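Next come the structures, one after another.
Shared between the two complexes below is subunit A, which pairs with subunit B and subunit C, respectively.
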Partner chain A sequence: MSWLTPRIGAQLVDLGSAMLLLTCFAIVAQRRLSACVDLFALQSAFLAMTATLVAFLTGTRHIYIAAALTVVVKSVVIPHVLRRVIERLNVTRELVMNVNVPASLLICGALVMTAFIITQPIISFGHLLTRNSLAIALAIVLIGFFTMIARQKAVTQLIAFLVMENGLFLGATAATYGMPLIVELGVFFDVLIAALIAGIYTNRLQDAFDSVDTSRLSELKE
Partner chain B sequence: MAIFLTVMLAVYAAGIVLPLTIPVRPTLQNLLANSLAGVAATLGIVLGATGVVAPDPLTLTWSSSIPLLAFAVRLDALASFFLLTISLVGLAAAIYAVGYLRHLPSRVSPAALGALFNAFLCAMTLVVIADNGFLFLIAWELMSLISYLLVVTDHEDPDVRYAGFLYLIMAHIGTAFIVVMFLLLFQQGNTFSFEAFRHPERVLPTSLQTVVFLAALIGFGTKAGIVPLHVWLPYAHPAAPSHISALMSGVMIKTAIYGILRVSFDFLGGQFPWWWGFLVLVIGAVSAVLGVMYALMEHDLKRLLAYHSVENIGIILLGLGAGMLFHAYGLEDLVALGLLASLYHTVNHALFKALLFLGAGALLSATRTRNMEEYGGLLRRMPWTGACFLVGAVSISALPPTNGFVSEWLVFQTLFQSGQVPSLLMKLMLPLAAAMLALTGALALVCFAKAFGISFLALPRSSHARHAEEVSWTMRIGMIILAATCVLLGLAPMVVVPLLDHVIQPMTGRSIAGQMLALGGWTLIPVDAEFSSLSSPVLAMLIAGSAMMALALTALAGGWREKRYARTWGCGLNLSPRMEYTATAFVQPIKRVFGTIYQPTLKLETELMHESQYFAKSRRFTVRIEPIFETYLYLPVAAIMPALADRLRVIQAGSLHVYLAYIFVTLVLLLLIAL
Partner chain C sequence: MLIPTILSAIVLSVTQVLVLVMLAPLIVGLIRKVKARLQCRRGPSLFQPYADLAKLFRKQSVISSTTSWIFTATPYIVFGSTLTAGLLVPVFVAQVPLSFAGNIIALVYLFALGTFFLILAGLDAGSAFGGMGGSREAIVASLTEPAMILSIFAIALTAGSTNLSTIVHKTALLEGVATDPVPHLMALAALFIVTLAETGRVPVDNPATHLELTMIHEAMILEYSGRYLALLEWASAIKLLVFLTLIANVFAPWGIATDPTPLALVVGGMVYVAKVSLLAALIGLIECMFAKLRLFRVTDLLGVAFILALLGLLFFYILQD
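And then the complex of A and B:
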C-alpha cells in the first residue's frame, strides 16, 4: 500500500484519537445510561481501530493482540455486563449531577486545552508517528477523571473509570507503541475484574440505599 | 579485638533468643538471660578498656544489600569509653537482675524481660560503635523502642501506660531531629558513612552547620533529658523495673552525650562559633539547677533519682559547653580540660546513678513501695543496701572521697578559667555558671540528706518498712560492684585521667594528662599549681584520719566503753513514727525560698459533719508543685492540636466525589507545575 506514507498514517492515527475524544464528550453530555454504555463500546472500538492502525504502520505485532482484546473485553463483555446491571437495577437516567451538562462540557474543553499545554514540550521531542495522540490521551484521562467527580450514579462512574483506562491505553500506544504484551494482558484482566467488582458493588449499593447514588456513601461517615 | 567484638554481639544475640526457647522454667530463663548478658558485658568491658588505649581504632565493615546501609562499626577511643561505661553498668545490672526478678509479679515473664534486657544492652552498644548513619539510626530506634517496651513492663497500671506513651512521643520527636541532622550531613558526600562526615568532600555552609548542630542538640537533648525536653524522664525512668531504670538513667541518656560529642567535635570538626558553646553552657546550667530543684520536691524515690539525671546531664553539659566555648577562643588546653571533666562526670554519673537506682529497687522489692514517707529505719534492717546507697548518695552529692567530687571539682575548675577568655560577656557568664553549679551541689546535698535520712534512719513509718528484710546476695553484689567502682574512681584519678586523655586526644589534639598529674599522679593540677590542686588519696586519708582521731578521742574520754541506754526525750509521750520529721517537712524551707519557681499550692479540704459545723468528718491536705514546663509549654501545644485537627476535619467530608476532586485538582496542578 504505497499510498500509506508515514505522514498519512500519522494523520489517520490522529483521526482515530480525535474520534476517541469526541466519544468522550458524548459520554459527558449523555444522560441516558444505556446510551453511555453504547458510547463506551463505540469508543473502545475506535481505540481498537487506532491500535490496529499503529500495529500495521509500525509492524509491532503484539498490538494486534491488544486490539483484539480491546474489542472482546471492552466492546463486548464489559458493555454486556453493564447493560445487565442497568437492567437489574432499573436505573435508566442520570438525574442528579454534581456539575450540569453545559458546565461539564466547558470544563472538559478547558481540560483538553490543559492537556495540550502540558504535553506541548514533550511532543516536540518525540519522533514517533503517534506523538500527537499523547495530548489527546492525557485529555481523555482527565475527562474520565472529571466525569467520575461530576456524576453521581455508580454506573456512570464505572464508565468514566473505563474511559480513563482507554485514555491510558491510547497514551501507552502513543508514547511507546504499546506496553509489553504481558503488561497489557495483565491490564485487561485487571479492568475486567474491576468492572465485575464494581458491578457487584453497585448491586450492594442498591440493596443498601435503594439507590446507586455514591454520594449516599457519605452516610457511612463517623 | 575483632573476635572479641563478634563474640560479644553473638552472646547478646544468644541472650535475646535462648531464654525465649526454654519452656516454662522461670528461674532457668532468668539465670540464663542474665548470665549471658553478664558475659557479654564482661567482654564489653575488656573491649572498651583495650579500645581506649589502642593506638588505632578498630574498624569492621560488612556491606549489605540495602542501599546506603553498611554494617560498619568503628571502635575508636570515644566509642570505647562509652562501651566501657555501658558494659560496666550492664554487668552490675545483670548480676542484680538475677535476684531482683524473683520479686517481680509472676505475670511478668522473666524470659521476655531477659531477652529485652539483652537486646537493650546490645542496641546501646551498637549505637556507640556504629560507623554509618543508617546503622546508627536503626540502633538508636531499637534502643528507644526496646526501652519503651521495658518501661511498660507493668502495663496494667494506667500511669505506666501514660509514662510509656509520653516517652514514645518524645523519643520520636528526638529521632526526627536526628534524622534531619543525618540528612543534612548526607548532602556532604551522598553517603551515610561516618568517615565521609568526618572528611567531607564539600563542607556545608556555616548556616547549615548551625542547623546540623541545633538538630543534634535537640534530637540528642530529648534523649538526654535537658530542660525543657526532660518531661518524659521523671515518668519513664521510675516506671521501668529498677535494673532497667539503672540502665536508662545511668547509660542510655549517656548515648545522647556521645551523640553530641560525636557530631560537634568529630563531624563538624570542632569548627564552631562561640555561641554554640554558650548555648550548651546555658542549657547545662538551667538543667542542673531545675533538675535538682524538682528532685528535692519528690518523695517518690525513683522519681527523685530520675530528676537527678536531669541535673547531672546539666553538669556534664556545663563541662562540655565550657570546653566548646574555650575552643571558639582557641584555648585548646582548656578545651581538653572541659571535655575531660565532662567525660569524667559522665562515667561517674553512670556508676552512682545506676547504684542508686539499684538501691531504690532493693528498697522497692523489700517494702513494695516507692514512697519515701513510708520508709524509715531501714538501715538496721537492710545494712548492705543502706551502705551501698550511702556511697551512692555521697557520690552524687559530690562529697570527697568519691568520684562525684573529683569530676564536679574539675567542672568547677574549668568554669573558673573565665579569666583567660577575651570576651567580657563570657568573663561574666562563666562564673555565673559556676555559681549555678555551686547552688546545684548544695541542693543535691540537701536532697540526699533527705533521701537517705528519711529512708534509712529513725523509726519505720509503715508496716512495710517494719517488716523489710535485706535483699538477696546477687542484688547486693550488683550494688557492691558499683559502690566499689564509685570509691575507686574517686581515689584514683591518676588512673582515670590518662585514660580519658586518650579519649579526648583525637578530638582536641591535646594531651593534658602529663601536665595535670603531678607528684607521680598523687596530685591533680587542672591548670596551674598556683591556682588549684587536689590530691584525692591524701584527702581520703585526711578524712579517714580525722574520723579515727574522733573515735580515738571518744575512746579516750571513755565514752566508747561505757554505754548508757535511756529513753529519748519525748515529752512524756511514747515515741512514735508520727513524731518524725517527714520528707515534706524537710524540704519546706527550700520550697518557701524558691516559691516563685515551684508555685506551690496548698489545699485543705474539710468535710464537716452533717449535724454540726464544729466537727470535721475528714480532712484532706494536699501540697502541689506546679510543673512549669508541662503547664505552660506542653499543655498549650497539646491543646492546640485537637483544635487544629477539628479545623482540618472540614476537608474530610466523607464524600467520594470530593475526595476524587482533591486528587484530580492535585494532579492537574502538579502537571501544570511540572511544566
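And then the complex of A and C:
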C-alpha cells in the first residue's frame, strides 16, 4: 500500500471521526425516537469503520476485535433492544424538551468549539496518527452529556448515554490506539448491561407513571 | 487566462449557459421520473417539462388589473439573475471566462435578488396566498443565506480564493483538497440542505402540490400564467441545476476539463451530465424517503445546515497542520 501514506491515513481517520460527529448532530436535531435509534446504529457503524482503519494503519490487532464487537453490540443488539422498548412503550417522539432544537444545535456547536479549545494544547504535543480525533471524541462526549440533560424522555437519555460511550471509545482509540483488550471487553459488557437495565427501568417508569418523562421521578416519595 | 482568444472565451461562456438552460428541464423531468419509479408509477416522459414550457409559452397570460410594473418585470428579473448566476459557475470547463466579473458572494446575492423580486411579486398581486408564500419564502431565504455563505467560505478557505473558477480548478488538480477532507464533508452536507431549501424541494417545500397549508414557492407564483409562468418555472429549474452544478463541481470536480482541448471538453461534458444526473436521482430518492417538514420545523433543518457549515469553517482552522 504505497499510496496509503501516514498523512492520508490520518485524514481518513479524521474523516471517519467527522462522520461520527455528523451523526451526533443528526441525533440532536431528531425528534422521532426510532430515527434516533437508527442514527445511533449508523454512528456505531462509523465508529467500527474508524477503529478498523486505525487497527489497519497501526497494526494493532486487538482493535479489530473491538471493532467487530462494536458492530455486533452497538449496531445490532442494542438498537434491537431499544426498538423493542419503543414498540412496547408506544412512544414515538420527543415532545417535551428542556431546550428546543435550534438552541440545542447552537449549544452543541459551542461545545464542539470548547472541546477543540481544550484539546488544542494537547494536540500540538501529540505525534499519533489519530491526534485530531481526540478533539472530536471529546466533542461527542460533551454533546452526549448535554443531550442527556436537555431531553426528558428516558429513551432519548439512554441513546445520549450510548452516544457518550461511543465518544469515549473513539477517544480511547485516538489517545492510545485502544485500551487493552480485557478492558474493552469489560466496557462492552458493561454498556450492554447498562442498556438492558435502562430498557427495563424505562418499562418500569412507564408502568408507574404512564409516561417515560424522567422529571416525574421527583414525585417519588417513600 | 487559459483560453487565448476572446472569441473562444465568448463561445465557451455561451455554450456553458446554453447547456444549463437546455439541460435544466431535463433534470426536473429526471427527478420526477425517479420519484415516479420509486413509487411504482411509470411517470411522465423525461421530456415532459419541455412540453409543459412550450405549452405555457403559447398561452395567453392573464394579469390582474391591481398589479404594478413589479409583477410583469419579476419573471424577467428572476430569469435574468438566475442566468447571470449560471454564467459564473464552471459547468464543464474549470476556468469560466467571465469569472473575473464575480465570485461566490456575487452568486449568492444574484440568487437573493431573484428571491427578493419573487417575494415582492407575490405581495404585489394582493392575494392572500401570495403574501403568505412571500413571508414563508422570506423566512427560508433569511435562514439559508448564512448557512450557504459559511459553507462556501469553508471551501474558499481550503482553495485560498473566493473565485469559483479558481476553487474548482485547484480542487480538480488536487491542490486544495490535499489539506483535509473534513471541512469539505461538513460544508457538503450543509450545502446540500441549503440546496433543498433554496430550490423548494421536499423536506422544505413540495413542488408537486398546490396545497394551501404547505406551499411556499407555488404560493408566490400563483397569480402568474402563460409565458410569465413559463419563465418562472424555467428559472426555478435553472436555479436547481446551478445548485447541483455547484455541488458537483466544487466538491467533486474530477473529470472537469482543466484545459480547453477537444478531448477534455467532451470528457468534461459527459462527466458533468453523469454527476448532475446522479445528484438529481439522489434528490428524487430523498423526496420519496422523507415527508415534508412542518413549516416551523424547517428552522431546525436549516439550523443543522448552519451549524454544519460553521463546523466546516472551524475544522479548517483546527485541522490544518
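The rule is simple: the second predicted complex is superposed on the first by the 220 of 222 C-alpha atoms of A that agree within 3 Å, B and C clash if a C-alpha of one lies under 4 Å from a C-alpha of the other, contacts with A are read in each partner's own complex, and residues count from 1 in each chain.
Keep this in mind: a contact is a pair of C-beta atoms (placed from the backbone, for glycine too) under 8 Å apart; a residue touches a chain by one contact, two chains touch by 3 or more.
Computed from a predicted structure; not experimentally measured.
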Touched partner set for A:205, first subunit B, second subunit C, both or neither: neither
Partner chain(s) touched by A:135 [first = subunit B, second = subunit C, both, neither]: second
Contacts of A:21 with subunit B and subunit C, given as first, second, both or neither: second
Contacts of A:98 with subunit B and subunit C, given as first, second, both or neither: first
Contacts of A:191 with subunit B and subunit C, given as first, second, both or neither: neither
Subunit B to subunit A touching residues, read off their complex: 653-657, 660-661, 663-664, 667-668, 671-672, 674-675
Complex interface listing, subunit A residues touching subunit B: 98, 111, 114, 117-118, 121, 142, 145-146, 148-150, 152, 214-215, 217-218, 220-221
Residue ranges of subunit C in contact with subunit A within the complex: 180-182, 185-186, 189, 299-301, 303-304, 306-308, 310-311, 314-315, 318-319
Subunit C-facing residues of subunit A, complex: 11, 14-15, 18-19, 21-22, 25-26, 29, 101-102, 105-106, 108-109, 112-113, 116, 120, 132, 135
